[in-house]
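This is the structure, below, for whatever I ask next.
Order as written gives the chain letters A, B, C and D; numbering starts at 1 within each chain.
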Amino acid sequence: MSARVLDSYAESVADVADGSTVLVGGFGMAGMPVELIDALIDQGAKDLVIVSNNAGNGDTGLAALLAAKRVRKVICSFPRQSDSWVFDGLYRAGEIELEVVPQGNLAERMRAAGAGIGAFFCPTGVGTPLTEGKEIREIDGRAYALEYPIKGDVALIKAHTADRMGNLVYRRTARNFGPVMATAARTVIAQVGHVVEVGGLDPETVVTPSIYVDRVVCPGAQEA
Amino acid sequence: MSARVLDSYAESVADVADGSTVLVGGFGMAGMPVELIDALIDQGAKDLVIVSNNAGNGDTGLAALLAAKRVRKVICSFPRQSDSWVFDGLYRAGEIELEVVPQGNLAERMRAAGAGIGAFFCPTGVGTPLTEGKEIREIDGRAYALEYPIKGDVALIKAHTADRMGNLVYRRTARNFGPVMATAARTVIAQVGHVVEVGGLDPETVVTPSIYVDRVVCPGAQEA
Amino acid sequence: MSTPASTGTAPRGKHTLAAAIARDVPDGAYANLGIGQPTLVSDHLRPGSGVVLHTENGMLNFGPAAVEDEVDEELINAGKIPVTELPGAAYFHHADSFAMMRGGHLDVCVLGAFQVSANGDLANWHTGAPDAIPAVGGAMDLAIGAEQVWVMMTLFAKDGSPKVVPACTYPLTGLACVDRVYTDLATFEITASRGRADGALLVRDLSGTTLSALSDRLEVPVVLA
Amino acid sequence: MSTPASTGTAPRGKHTLAAAIARDVPDGAYANLGIGQPTLVSDHLRPGSGVVLHTENGMLNFGPAAVEDEVDEELINAGKIPVTELPGAAYFHHADSFAMMRGGHLDVCVLGAFQVSANGDLANWHTGAPDAIPAVGGAMDLAIGAEQVWVMMTLFAKDGSPKVVPACTYPLTGLACVDRVYTDLATFEITASRGRADGALLVRDLSGTTLSALSDRLEVPVVLA
């Protein structure tokens, strides 16, 4: 269904339910939907599963959500960073679950969720602790592990510009997980820097087609 | 390795070997690399496996390649058309093999080849004659068939514009199978209408990055 | 589907049927209209409905068939008919296009059919004739992908045999995938997948026939919606 | 690799090593340089070599680290360092980026390592310390993806133990995936996957050591290339 354009971050995340799996875009600060995460903290949903490349930096954004004890589990490729003290503390205290997924598998498993693929045989991580317990199969002389989709209830992503239908374009390496997460969640919420009228984006250059986007959030955009 | 820019269709296909699997882009005439197919006919490679959405129309292009008895097998989604008399005749005479693949599986199997996926569980065609003999598995209450990659020795595709590194952009629905086939073949040959200098394409809008492209063919482009 | 079963006085012609389907497509829906008669549905979508049409060869939001100098051989639909581009369109490649379908992102898809079974099995790609050259295109992908799969067809074949059947005799396109069947004589809701124990089809929009007349000619149980 | 094994007079420092690796990257290659020391290789690529650098967060053909007003927080490499964009660059999303890696499209990737085994197993993501928080990033994807996987490391750990070993004791990153190991004291070719029956490592570029000295300190067979 068509996307709604909102000017309130709070309104855009108002219906996120306790226990939701939330896909959070970004790689480092590039593409990180900071305002949506802040709104989710204010909103109060708890017992969340967060899927993101990292597990929070410093004391803001994802780290603040973790510090507020709203997250039951993190699925990510790289939790441990120089400034991931919030996650580190919760993890060492046994207060948060962690599933470490190789970065490409994280992306491909969400891609599979969005593309209706039931599971896929992937060569990454075979013979390592990260595929322990997974089904291994040799295909054409190479060993693969069976990987399952990661589907979100909600995706929070950041794009550069949206049109009023919800078509999105990104900027430089801030694109990263956004287009993949947009396909993989039931409700996709995109914060953007700019909203243009329908027809204002070149159809050849749309990265995330409007079909994937439920809500576009840009302060000041609604009344335009 | 970097793409080479050629101005001769003949030179671009000179090394296609007998027995090759050749991925041929296009949906209808949109994106059909007609000049490359003609060059392949002149070149004389035989015993080919052709992977394309259709199996030739009228008496030109793919149909002419088939008529010249160069093709051992066709893997496609829709061979039977009002003007597919060349294929129809060969098929009824038992002179060509046919593997019919649902259109989306054709695309996804090539995507898997390009993405290093060993096989994937796909819901399409389960319970139909087209998945007979395939491994079926129920995942999360739904039945899936195991599908394997389709890898090409060569891909012949058509794009709108290339830069001299081999980055490609397409035009409208002529994009179709081109970007997928470009990922799935060992040697990728793209005929294009225009060649621009490196830097002449917007990095945000490149559809096929240069890493996938081995040869760009555009008459008159080499000496520029 | 909250409208009561109504009785038309004559069977619905293809344009009437297309209009009926168009009325049921929700505003703002993303829809794929199959090749052939389902294409007619687009002519009846309410202006301003915001319905966005998908074509599996890699485009969202195409417009009416192209005429005269609008014709562009690189802007075609899945039936290879030249179409036009509406504001807000997007192009993408074939793998992305079918990922969109298979991933359940389309709200509605409308397809033709040879047969639909009482449990929603679809047969629409192959007559089973031994000398036919098989050709499937995107039929199987469409059948299993959309949130709602609707069939548009005549209820009876030219030889008088019903096309809504206890079990398909033609080769299948997809299992238990059809939600609704729009025909000249009635619209049917498939209930098997929704926990209705007897698997009866819910009938509405009777046109030029009665429930008992339908019951007599069909081998599947039908009840008024 | 046709150069004979040469004997340098001193162990190679990281810049000398980076320069040696850079010389071996073929002109026009598509390469991924891992986080940390491998990044130094880019400083030594010959101008005009046409080598194109990939970063797994979705970009081909980035340039040197950004300085001053070039810094753009939306233009970073996998180490989250601001970089620059070269003409002919392309951006893509994470699934496409890792498909590119996993699909074998990169010609070369250069990684750091804790250990490499004689058959090319790589350990570079986890020390195995019981209290360490696991974090893998793209290491496993890089290890199995590129056409050629090269490791850049010191040959001996700080405690003097060799890092080229009969079998890795640290948790693995990938099985039989390393083709070549560049170290301060020598460069090694892994031959196990290429049919050399005894699995001996081919050694060249001895620097500040001798083959017999190496043999004494390593538990894997080595022969001159």
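Criterion: a contact is a pair of C-beta atoms (placed from the backbone, for glycine too) under 8 Å apart; a residue touches a chain by one contact, two chains touch by 3 or more.
These are the chains along with the protein names UniProt gives them: A, B = 3-oxoacid CoA-transferase subunit A; C, D = 3-oxoacid CoA-transferase subunit B.
These figures come from a predicted structure and were not determined experimentally.
**Q** Report the inter-chain centroid distance for chain B and chain C in whole angstrom, where each centroid is the mean of the CA atoms.
**A** 30
**Q** Roughly how far is chain A from chain B, going centre to centre by Cα mean, in whole Å?
**A** Roughly 33 Å separates the two chain centres.
**Q** Please work out the Cα centroid separation of chain C and chain D, and write it as a whole number of Å.
**A** Taking the average C-alpha coordinate of chain C and of chain D, the gap between them is 55 Å.
**Q** By the touch rule stated above, which residues of chain D touch at least two different other chains?
**A** In chain D, residues 59, 85, 91-92, 98-99, 101-102, 144 touch at least two other chains, as defined above.
**Q** Can you tell me which residues of chain B touch two or more of the remaining chains?
**A** 108, 111, 115-117, 122-123, 170-172, 204
**Q** Take each protein chain as a node, join two nodes whenever their chains touch, and name the resulting shape: line, ring, star, complete or other.
**A** other
**Q** Dump the list of chain pairs that touch, please.
**A** Chain-chain contacts present: A-B, A-C, A-D, B-C, B-D.
**Q** For chain B, which residues count as touching chain D in their complex?
**A** Contacts found on chain B: 1-2, 111, 113-117, 163-165, 167, 183, 198-199, 201, 203-204, 206, 209-212.
**Q** In the complex of these two chains, what residues of chain C are touching chain A?
**A** Counting only chain C, the residues touching chain A are 26-30, 50, 52, 54, 59-61, 85, 87-92, 98-107, 144-145.
**Q** Going by the contact rule set out above, which residues of chain D touch chain A in the complex?
**A** 55-59, 72-77, 80, 85, 91-95, 97-99, 101-102, 121, 126, 131-141, 144, 171-175
**Q** Which residues, counting only chain B, touch chain A once they are in their complex?
**A** 108, 112, 115-123, 137, 139-140, 142, 144, 148, 169-172, 202, 204-205
**Q** Sort out for me which residues of chain A touch chain D in the complex.
**A** Against chain D, chain A makes touches at 27-31, 77-81, 87-88, 91-92, 98, 100-108, 110-111, 122-130, 143, 170-180, 207.
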